[in-house]
Amino acid sequence: MINIQNVHKSFGDLEVLKGIDLDVKKGEVLSIIGSSGSGKSTLLYCINAIEKIQKGKIIVDDIDVHHPDTNQDQLRQRLGMVFQQWNSFPHLTVLENAALAPRVVKKMSKDEAIVIAEKELIHVGLGDKFDEYPTKLSGGQQQRLAIARALAMKPNYMLFDEITSALDPELVGEVLDTLRILREDGMTMICVTHEIAFARDVSDTVAYFQHGVIEEMGPPDQVISNPQKETTQKFLSKVLS
Amino acid sequence: MDYEFHWNTVLQKLPEMLEGAFVTLHVSVLSMLIGIVFAVLLAIVRMNNIKPFSYVAVAWVEVARNTPALFQIYMAYFGLGAFGIHLSPYTAVLSALIFINSGYLVETFRGGFQSIPKTQYSASKSLGMTGFQIYRYILLPQMFRRIYHPMTNQFVWSILMSSLGILVGMSELSGETQRLQSLSFRTLEFFIVAACMYYLITKLVLLAASLAARKLFRGEI
Amino acid sequence: MGSLFTPLSWNDTGFILIGVWNTIIISVVAIVIGTLLGIIVGFIRSESSKVTNTLLGAFLDILRSVPLIIQLVLFSTFIGVMGHPLNPFIAGSIILSLYTMAFMSEVFRGGFDSVAAAMKVAGRSLGMTYWQTVSYVSFPIGIRTVFPSWLGVALSVIKDSALVSVIGYMELLRTSDQLISRTQQPLEILLGVGLFYFVISYPLSHYGKKIERNMAL
């Protein structure tokens, strides 16, 4: 379970997260929506300790993420993250991309790592691309590679930072379908996304962020289909029109 | 350390060293200016494929870029002697530097020119500009911006390479330093001062270049 | 012009070959040491604070702003004065390697800087430690990108090796010099020497350009 308590985060003088309280239970799918600059992506980076927080606590599986004694490299093995710009490693093949971390971080043998990597790559539909270099793949395929690469570490949670925003429209579907598969598998997911329809169909909970605070949070039936707050209504009408 | 530094000897000879530095500067400046002229000619010949000159141009560039500067200087000073041409040390070094600079600058020009997006050309054509106008107002200014930094580096290179004059008895900074130190045997002090002078000259040139750049390229990327 | 090879006896050829060998060996030493040090220094500069960077940068700047010939003469005079003279090969190797390092460190610094921060974030997010990310992500990517520039510096070193003759090292140009004064045939000998440098440099520099073009795709 992920437990976020009163988290504040600033970049210099600019406070980007102004007191976030949030829980994500095992198997839950949380979608975070909101306009750019509302702090959504920053929260994800705080959860896996890429960014530091100034106040509050984030607890992942009973581990305090930002405690000085916490081994953050080890912690990140429980949290898989996929980025807007897939960031595939250009100097490695698709298979090597997915097998690298299990081999290097978990100290698996090359063969063991390859078995796991192949399994995850097939799971996301890249079974025929093992020996290709990422630059030869489409954006959608590279994004699925990024997902498989993260899954190969067998994380307990997956964090998705607007993973379809940089894709050509016709490639978005294949990536969202992959996320649906993960949901079926029971993966706990936090998705920062602009795809409102997806958020409505797939999430258990939706949180609307604005200016560093959670304006509204609840099941998609409520937040998206029947928003209570005016700010939420305004945002949705702009995005859905 | 048993050595006693005697800086006075050097300080007395400073004016003569400064004269040497002046020679360094003007041989470098000349080699750049004349080098640019030749580079432009070579570039034109190559781009328009004017045979047989384009073969000469290719050979010039490849030899200049693939052989040592000292070799060029020896060729100019000793090699030409076989043809009865005896150049003074100054002229030999100058010729060698011109030869090399023009070779490198042609490639710089070519790179700068090719890095301008082709869309600049089509955009200006569709505005109705003639070929000459496109060069003058759109292509050449952009090219200049891109070659400015490499050209500054080439100038600094010329200044540093002129030091090879020491080996053919030229009276630029290194040559003068050599001559003066051999009169007093304060080798270490003289060459330390020479090193400092080269460093200062280089820094001043780069400073002047960046100041000029700020004035010339205001507001551009 | 007369017969090209008449004045060259078997001894002379051997003499020239020593020059060739000495040129090759000092170039290789300087390239290898310059590259290794350049990678380390380039990496340090890429990852350091501004203070360290500026100090290191100033030192490297001096190496690049004083002519190589002056550095060689200064160093050999200095060690002589100190009472620890070194043979020309060692002295020349030290200075040429440092000189090479100064340029190589710029090349590698650019390479490491060019690896997008996002790549490193991706590596860390997978649970890789800082050094694992450096070894498996930053380093391999950075090195590949800079190969053409590295080659450019390496070729310059081969040409600059000619200058080590100033401190008494019998590299190619110096041996040819002696041969010229003996045989009074400057042109043929110089042409042969020039051909040597050209034959090494030209194919390698064009290979480098080809790699550069392939990478740009």
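Which chain is which? They are A, B and C, in the order written, and residues in each are numbered from 1.
Rule of thumb we're sticking to: a contact is a pair of C-beta atoms (placed from the backbone, for glycine too) under 8 Å apart; a residue touches a chain by one contact, two chains touch by 3 or more.
The structure presented is a predicted model; accordingly, all values stated were derived computationally and were not measured.
Placing every chain at the mean of its C-alpha atoms, the farthest one from subunit B is found to be A. With centres taken as mean C-alpha coordinates, the chain found closest to the middle of all protein C-alpha atoms is C.
Inter-chain centre distance (subunit A to subunit B, centres taken as mean C-alpha positions): 55 Å.
One inter-chain figure worth recording: subunit A and subunit C are separated by 47 Å, centre to centre, where each centre is the mean of the chain's CA atoms.
Averaged Cα coordinates give subunit B a centre that lies 20 Å from the centre of subunit C. Shared interface positions of subunit C, defined as residues touching 2 or more other chains, are absent. On subunit C, the positions that touch subunit B within their shared complex are 1, 62, 65-71, 73-74, 77-78, 81-83, 155, 159-160, 162-163, 166, 173, 177, 180, 185-187, 190-191, 193-194, 197-198, 201-202, 205. Contacts from subunit C toward subunit A in the complex involve residues 116, 118-119, 121-122, 124-129, 132, 136-137, 140-141, 144. Residues of subunit B that touch subunit C in their complex: 1-3, 62-63, 65-71, 74-75, 78-79, 81-83, 156, 160-161, 163-164, 166-167, 174, 187-188, 191-192, 194-195, 198-199, 202-203. The residues of subunit A lying in touch with subunit C in their complex are 48, 50, 73-74, 76-77, 79-81, 83, 85, 87, 89-91, 100-101, 104-105, 146, 149-150, 153.
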